[in-house]
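What follows is one structure encoded as structure tokens, with my remarks underneath.
Every chain is named by a letter (A, B and C) in the order it is written, and numbering of its residues begins at 1.
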Amino acid sequence: MAVRRAKVKSMGAAQDPALGTAMFAPAALYILLLIGVPFFLAMYYAFSDARIGNTDLHFVGLENFRSILQSPSFRSAVKNSIVFTLASQIIVIICSTILSTALENKFRGRGVIRYLILLPWVAPIALGAIAWKWILDSIYSVITWVLVWLHIFKPYGAPMWLGEPHLAMASVILVHCWRLIPFSTVIMLAGQTAIPREIPEAAAIDGAGFWRTLFQIKIPMMTSIISVAVLFGTIFTFTDMTVVYILTAGGPYDSTQTLPSLAFATGIQGSDLAAGAAISLFLVPVLVVIAYLMLRVAHRAEAT
Amino acid sequence: MPVVETRNLTKVFKEGELGAVNDVNLETREGEFLVFLGPSGSGKTTLLRMIAGLEEPTAGEILIGGRVVNDLSPRERRIAMVFQSYALYPHLTVYKNIAFPLKAQNVKKELHKEKVEWAASLLGIGALLHRKPRELSGGERQRVALARAIVREPSVFLLDEPLSNLDAKLRASAREELELFHRRVGTTTIYVTHDQVEAMAMGDRVVVLDQGVVRQIGTPREVYDEPADTFVATFLGSPPMNLVEMGDFIIGFRPEHFRVAETIRDSPKVAFDLHVQNVEYLGAEYILSGSLAGRRLDGKKVIARLLLGQSFEIGKTHQFAVPEQHLKFFDRSTGKRIEPRTLEWQ
Amino acid sequence: MAKKRLRKFSASVLHWFVLVFFTVLLAFPFYWMVITAFKQNLDLYTVENNPFIFNAKPTLEHLRLLLYDTRYVRWLGNTVFVGVLVVFITLLLAVPAAYALARLTGRWGQRLGIGIFLTYLVPPTLLFIPLSRVVSTLGLQDTLWSLVLVYPSFTVPFSIWLLMGFFKAIPKELEDAAMVDGLTRFGAFVKMVIPISVSGILTVVIFTFTLVTQEFVYALTFISSESNQMVGVGIPIFLVRGDVYFWGSLMAACLITSLPIALLYNIFLDRFIAGFTVGAVK
């Protein structure tokens, strides 16, 4: 009796392992081959002396790691990666909270504004970066022109936005924020619409004003959404080499070099695949932490 | 002085269309449990939300405690509201939920504990203070919502269909708890519902609304026994009052007053012939439905509610009657209640 | 009464200030692209000129240069070629896999789903070095085929994730009814589920295509010659002679490439967001 019932149940719930595996296998195989294998290859190369154009490979132990840990440009890259990512995330979260609150209620022109503010995110990264390179150009920068016009600087007396180390770092952070604010804002907006209408109304009746409702009720209710936005933003910034490569190519004097851009510079431009691989492996610990945090957020969200 | 009063209150959402609330005048009595009763779309929730300050009136005035509050924000009105979903703050403990209104109104921190515990003990949820809303049952959530409402000692409670999210079994006990709570605390309460049983059971007075217009305000007895128009007559009572058109007026009688003619002995009555078409046995009573036979009434569908001990055959005609005092008369064009008329065919 | 009106007024002023500030900050570079693309060089490269207006007549010269004297059109063609193939491969791999994960594999399905999601977190900047070796070993160095091979590695996980959400939302009863009517499970999938999911599949197509156009690292690493390059890399790298950038043509190229993508994104935005948040929070 129980057996028959179980069979009927399985037809309804439809666990068909053979078909399921067959449908899933091609994708799984592909991912294994093009993500799994290269991942292990990266580790393998990091312990070797691989170079571009050279087909033989020798095991060199920890030699690559030793030399890159001693190099000042590596240490600077680690510092920059952390600083850029942290600074961007903080600015992005603050800005997107403000912006998403402003976009919450319907108003005339909301659709147009939504389209306009999304542009940085949808345009290809490299194209946005090169546009900013032009805006921050050392001679023809429009920002310089405006500041000179406001008499804040003398003609030709404005700083080189991409030429001075601290300004260059600020510019890289600026471009990252510029790209991420739309993304974060849209996610936060989704989080805000998920709050039932009655909760801010209850808060209003309880006596809470706009700011108290925002900070003590709405934002705490959006923590899992905000976490998603922050975690994705962190990955995008931390693992990105495009913005740095186009804007400053790591300069001036490595002051804007990050781990990924240094890996590229060393591994591809410098032909030292092994060192490049070793550098890029330093991304892994951060990615592992983020993966763990994301799973925590997902798990906690499921529990509610 | 009435606690809550509305004068010519109107709310129009779309220009040119009929308002959600039209020219409503009412006033509450101190300490009473006033029910806004009506079908969905009758404007009862909109009316409540305007009193709360969550919707702006298009016209008219709202007074709380004698002063006009139209321009005051919800928090300035000294009211408390319990929503249909209870709207408990999910990320705060029960304690913090109840304490939130105190915090928002800048009550001194030292006083919080005392007041929260007072409110919690009033509702018997002292043991739940450290839980989060998602760990609570429906009934417990209602109690937390009430505690949060009462902790500020408001002048009026507004309740928006708080029982409709509970399942049937729970609803009865939650309803009783609300009634006991009201009796203990005595705060003027306005309660919105579409359920006429709730309205009859809980209300000191009922405001019957339809399409934004007040049809009748009265005690449960008044709205049930002396309905002001056909809408009130058919909305209260289940199964609804039988309405039969006769010329330019309508007569109405409740199913429970429609009995076998013989059984009505000591009061004047009006007789009808009932052609029985369906009999439903519900355990505690029978529901008979059929059509009136003879004279001008042929074919009009009516329902009778009878107690145990009577059996009827489908297809047969029996003589039924309604005691004269329970026969109501309504004007055919306006639906409003009119004085009894003589029935021509008698 | 007056106090309330004042409060409302200052609130809307603040509201509009915030909106204007961010809209200008975010959209300004695109406005700048438009202006630069049509300004004559002697206007563009004169420091004293007001950059916000046309001091000389607007010109189509940069556009002409872009379309006739550079490889821009070729890059567009390359990108479309790669895009179409990658979309095709992605659908082929991701649609069945997402269905399998959504329907057929029970508890394991959830674990595998998380696994797929995690692979999306492995960035190209980690894999590009070993992949460059693999690509040259396979003899695909400097060909578009290297990209066709490698790009699904980031489009497939993302697409599986998006599609899982779509498939989960389709009630199982539909397929059960189809099977009772005589279809096999796979038949039900092809004949019932896929037609209903057209909008989801279309969303995946659009986003896969935009991911392809946005990609930078792999294209930069695997492709060296100008004529084989993709549009996202060609524009910032090859529109230059030595140290001198062709800013006018560059900005025109950025504009022409970005706007259609932006249009497509906007149409499908809500679905995209749902996929992101549902996928992450479920």
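The criterion applied here is as follows: contacts are C-beta pairs under 8 Å (C-beta built on N, C-alpha and C of every residue); 3 or more make two chains touch, one makes a residue touch a chain.
Computed from a prediction, not measured in an experiment: that's the story for all the values here.
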| item | value |
| --- | --- |
| From subunit A, the most remote chain by mean C-alpha position | B |
| Which of A-C and A-B has more C-beta pairs touching across its chains | A-C |
| Whole-Å gap separating subunit A and subunit B, where each centre is the average of the chain's CA atoms | 55 |
| Whole-Å gap separating subunit A and subunit C, where each centre is the average of the chain's CA atoms | 15 |
| List of subunit C residues in touch with subunit A within their complex | 11, 15, 18-19, 22-23, 25-30, 32-33, 36, 44-45, 47-48, 50-52, 92-94, 96-97, 99-101, 103-106, 109, 112, 114, 116-119, 121-134, 149-150, 152-153, 156-157, 160, 172, 175-176, 179, 185-186, 210, 213-214, 216-217, 220-221, 231-233, 235-236, 245, 247, 250-251, 253-254, 257-258, 261-262, 265-266, 269, 273-274, 276-277, 280-282 |
| List of subunit B residues in touch with subunit A within their complex | 52-54, 73-75, 79-81, 83-85, 87, 89-91, 100-101, 104-105, 134, 148, 152 |
| Residue numbers on subunit A that touch subunit C, as the complex places them | 11-17, 19-21, 23-24, 26-28, 30-31, 34-35, 37-39, 41-42, 44-45, 50, 52, 95, 98-99, 102-103, 113-132, 134-135, 137, 139-140, 142, 145, 155-156, 178, 181-182, 186-187, 190-191, 210, 224-225, 228, 235, 239-242, 245-246, 259-260, 263-264, 267-268, 273, 276-277, 280-281, 283-284, 287, 290-291, 294-295, 297-298, 301-302 |
| Interfacial residue positions of subunit A with respect to subunit B in the complex | 196, 198-199, 201-209, 212, 216-217, 220-221, 223, 304 |
